[in-house]
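In the part that follows, the structures are each spelled out as structure tokens.
In the two complexes below, subunit A is the common chain; its partner is subunit B in one and subunit C in the other.
Up next is the complex of A and B:
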């Protein structure tokens, strides 16, 4: 472990900017939640910013991207297909434990199943990750319920933990070590690990009083969701509040469904575009010829929570699909962010138990 | 049902040339194709029951079952025009090119059913995905017991692969029961829905596997008849259809229950289908 003085953060981002495009929490003029986005100016990334409005997902899974392009000449009947890898090396700086866990879920899903998603792999393979321990929670947070925070545990090159005027600079890879050497950081003292543990413990202790917006004791409901032991009236109650806007999917660090459409461009090429999709949209399962096996909204809503909280889906993520960031609850125009859904289901369990 | 698809064309489609287009029934055409690159033509190996993602250049990509046998059968796709991309496909002529990715999916069991009686029950264009298995099993006729095809469509003009069926009927020991929904002048075969033939066909029950494919209503009534005849739910196999975008288990459009049709299916036993908890 090393010591990075807080005022040396700009040196860290500047060093990374030599080799990587930087992504991180960027404050917006006029205030409000920071956005996790590409920072043209390395100094714009703020390690002390609040949890970002959006997850870092779009750095590895852009909202819309070309995955193939081709030209087909109808006269000569010549077809030329091109899949170019234009992805530049990226550094995610200031990623929080919940979001890093979400990223690892995406890795396991896109790279760890029968097939590898080559497009995702291109985004992911040249990446540097600087994670940030949450030394105190935000009101929306419930990562302690989902076992995904407040400190990053794996998948980082560097993890920072703010202590006084310094960051504890922990390396998780050879790349991280190289950066420590490049910055000329001084080694932390023998009590650094204990200091970090104490800082994390203090953060966890604050959740009760400070992270008051959401609680989601998901372990109680995972079995129910997996086995389908949830009354349809519960799903209907949830479905009645769904606006089918897809916002929960778009701000979720682990939602990764996509659509693919071929788009003819003005220069005679065709771009195969993939873009975010959401299982809350009615057209999601509609087939050509208008057969749609999923119709009522509650039928579609329970699929999303099945995806986040069932054992079968957890096998793909090697953990539950919810990382406790609380974003879905903030953006939902109804009142069915994941923590509330868990509460509705738990209430149902309690009711059933009382009978 | 599971299987691995080493060697599948995953991301960038391979180019195939349409060699011949054949009218089948209204809105359904068969497109015979061969891969442009000889090495792909050689390495492209399928199992019956698998599917490919077919690119119609300038229009898009769609999932489609493979109707040809894995052994010595001319590669082709039989496609109904039903949406934007399949309509664009229907405009193509011999010499035009398409893109193909795949093959994907688990496929029908073959080795596991050697020695068994085999029943095929199809409705309408549900015969297309079963064709591959039928031809494959007939190519190994001596390895199987009774082989039955119970097939029906709305009218005689809407029966798929009529020439093929005529050839199959000439195959010794291949029993066919063909029906149309309503009587027609000149029609000498059966009249009525497909499931009504399951009883009269006196289907075998012991050491038997049944493949069923067709529209949901037909599927449900056929299943009822097969179960009533005594078949076990894991001796009934079907192939499911879903909206698909990627074919490789990532886009998740084809999620049904806890499975994905593209990688866990498209072939499921009825025992599995019952536990999916969704409409087929």
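Up next is the complex of A and C:
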């Protein structure tokens, strides 16, 4: 472990900017809302910003992305394919533990199964990740319930933990070590690990008083969701409150579903567009022949939480699909973010137990 | 990539968003966390506006007819010259202008100015949403503000919320969301509706009325409230006039007749009257579109809330909700035959006729029509529009009007030009240009100014901001509006003038400068009745994905897929029938049936649904054939976009 003085953060971002496009928390002018986005100016990245409003997943899985284009000649029946090779090396600087965990879930979906998604792989390779420990929680956070924070455990090149005027600079890869050498960082003392552990413990201790927006005791409901032991009236109660906007999927660090559509352009080419999709949409599960296994909205909600919290799905992610970032609760028009759904299911369990 | 603050241009909620721009094109959208109305939320449409703004399915070159009637690309100079020359041949009722409630205030103001001052024509229309004109008229007469009297930002301060009719959760989802949050925070939520809509399902109380009787239910509640003396006496004395007339009017109504015609129990009426009286504050919401309210219903709703003292106070107000982004602004700047900029009522010769009214006359005097980015009218009068001598189309997107156009003038999209849009709560918001239009394409205001210049007018506009400068002097409630002020926060709510430099969140009864006045509702209350020949009452309404003929939605990907999913299931539309009725008729889900009314019929598929009561059926308005083939023929009241019903019978095919 090394020591990075806080006033040396600009040196870190400047060093990374030599080799990478930088993405990180940037404050929007005016309101000052933090957004995780491409920072043309490395100095714009704010390590002290609150958890970003949008999930960093757009850096590897953009909302709308051209994955190839082609021109089809009707007469000769020939198609000319053009594969974009626009993916540049990226550094994600200041990613929070929950979001990094989400990225690892995306990796397991896109790279860890039978088929490797080449488009995703191109985004993901040549990537440098500087994670940032949350030394105190934000009001919406519940990563302590989902075992995904407040400190990152894996998947980073560098993990920073703010302590006084310094950051503890922990390396997770050879690339991280090289950066430490390049910046000429001084080694942290032998008690650094204990200091980090103490800082993380203090952060966890603050959740009760400071992370007051959400609580989600997910371990209590996973069994029920896996086995389907949840009354239909509970799903209907949740479904009635679903506005079918798709926002929960769009802001979720682990939601990986996409739609593909070929779009004609004016120059005669056709772009194959990949875009974010959501299980809250009726058309999402519609199959050929107009069959739809999940037509009513409550069945589609049921699907979302099965995906996030069932054992069967967790085997794919090697963990639950919720990372405790609290974003879905903030953007949901129906106030049925994951923490509330967990509450409603627990309420039913309690009621059943009382019988 | 960079993100830019903007305003969603679909419905009248006016949510804030962040548009992601890269390589000169719109790439994505995210909800804007700091926006005072949407507070970091968007609906399914708003979450996909980048797909519309990025579409290449655009009109990119001016077009004029060449040989064989085909349109060919020409220069703006040639096309604008041709438009000016050909349009100048017409006068009086030979020419009309169809403005767009989707266009900016600046574009609409100049279109109206072009019509009124250059072509001397008061014939300007906004196509649909007659319902909003009715609401604006009542609220102008009663309170001096021809739009929402309360504020969307105060929904969570309301003690009681009454949703009247439309399914706000589907039409304006973020308004529905605010109402849902208010209810979860303890506000009472009552929906008066002839169907079980989503907002009805979210309401603690759903008063399930018979179709077409909302006004009767409102009259009954008002009568009970006044008869029990539950009105707000001190408020009535200090702030209002005309209560005695209203009380006299109510005393002439028969409560039992009203209640039973509305299909409600006396206890339900009394309970609502009592809750409305006792609530510390209360808001009413209704849609001003096709599933909106007619004039009498709005007047009764206004009078009821006035009697209860729930107007002109925090967390209170009677609130029309607009279905398209700039309906309120379109009326404010005079883009309608009913209102001059102000808005003030057009009287005498200044009150022209709308294109729809002119087309409805036989034989129609209309010969030339200028249309902005709008396609609603074409469904109703396609044959007559086809026969016009000159149709000029100004717009960013291709639509069915282009097939009948003689001159096509492409215009910049909302992301390609500066412009202001006024949402349902009178919030004027500036939407900045974020990307360049396709090569050479002009903003619409510039096109109108160029046509005017060809005809000798000297308009000295250099930007949309300079047009706003003139709007501020022509429209008293916009007097204090400047782009600099709009840009500082999230827009300004009019009236914004010398007395209210920072705008006006809602009507303040103490600051209204006049007394609030009860508005006569009339007593002509036709009650739709089923008969042996036509035993079902049919309601028509809109829904999320099928929206204003879908020309806009069809240019997106995900919303289009959702629309197509429904269209594939029900290619010719559907009629919702209660399970018990389906059993009696012997029809299964998706079976074809003929829906027959006195004036016309249509063949649609059955959708069995518990959301309608036996004896009533519901048809969503999204299939083109429905309008000319059925709605036009079967009900003139539907044509006026009002809460109305058509008696029908269902024939098994």
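Definition applied: the second predicted complex is superposed on the first by the 349 of 355 C-alpha atoms of A that agree within 3 Å, B and C clash if a C-alpha of one lies under 4 Å from a C-alpha of the other, contacts with A are read in each partner's own complex, and residues count from 1 in each chain.
As a convention for this text, a residue touches a chain if its C-beta (ideal position, glycine included) is under 8 Å from a C-beta of that chain, and two chains touch if they have at least 3 such contacts.
Note that the structure is predicted; figures quoted are calculated from it, not measured.
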Fit or clash between subunit C and subunit B when superposed on subunit A: fit
Partner chain in contact with A:345 - subunit B first, subunit C second, else both or neither: neither
Which superposed partner A:303 touches (first subunit B, second subunit C, both, neither): first
Partner chain(s) touched by A:244 [first = subunit B, second = subunit C, both, neither]: second
First, second, both or neither for A:230, with subunit B first and subunit C second: neither
Following superposition on chain A: angle at subunit A, subunit B versus subunit C, Cα, nearest 10°: 80
Touching partner for A:72 - first (subunit B), second (subunit C), both, neither: first
Subunit B versus subunit C as contact partner of A:330, first or second or both or neither: second
Partner chain in contact with A:83 - subunit B first, subunit C second, else both or neither: first
Which superposed partner A:281 touches (first subunit B, second subunit C, both, neither): second
Contacts of A:127 with subunit B and subunit C, given as first, second, both or neither: neither
Lowest C-alpha to C-alpha distance for subunit C against subunit B (Å): 8
Doubly contacted residues of subunit A, that is, touched by subunit B and again by subunit C: 259, 261, 264, 277, 286
Contacting residues of subunit A [partner subunit B, same complex]: 67-68, 70, 72, 77, 79, 81, 83, 109-110, 113-119, 228, 256-262, 264, 270, 272, 274, 277, 279, 284-289, 293-294, 303, 306-307, 310, 312-313
Footprint of subunit A on subunit C - complex, ascending: 1-3, 5, 18, 20, 27-34, 40-44, 46-47, 50-51, 54-58, 60, 169, 173-174, 176-177, 180-181, 184, 198, 201-202, 544, 557-558, 561-562, 564-566, 568-569
Touching residues on subunit A, where the partner in the complex is subunit C: 28, 30-31, 33, 35, 37-38, 40, 53-54, 58, 62-64, 240-241, 243-247, 250, 259, 261, 263-266, 273, 275, 277, 281-283, 286, 290, 330-335
Sites on subunit B touched by subunit A in the complex: 4-5, 8, 10-13, 15, 55, 57-62, 82-86, 95-97, 99, 241-243, 245-246, 248-253, 255-256, 258, 263, 277-280
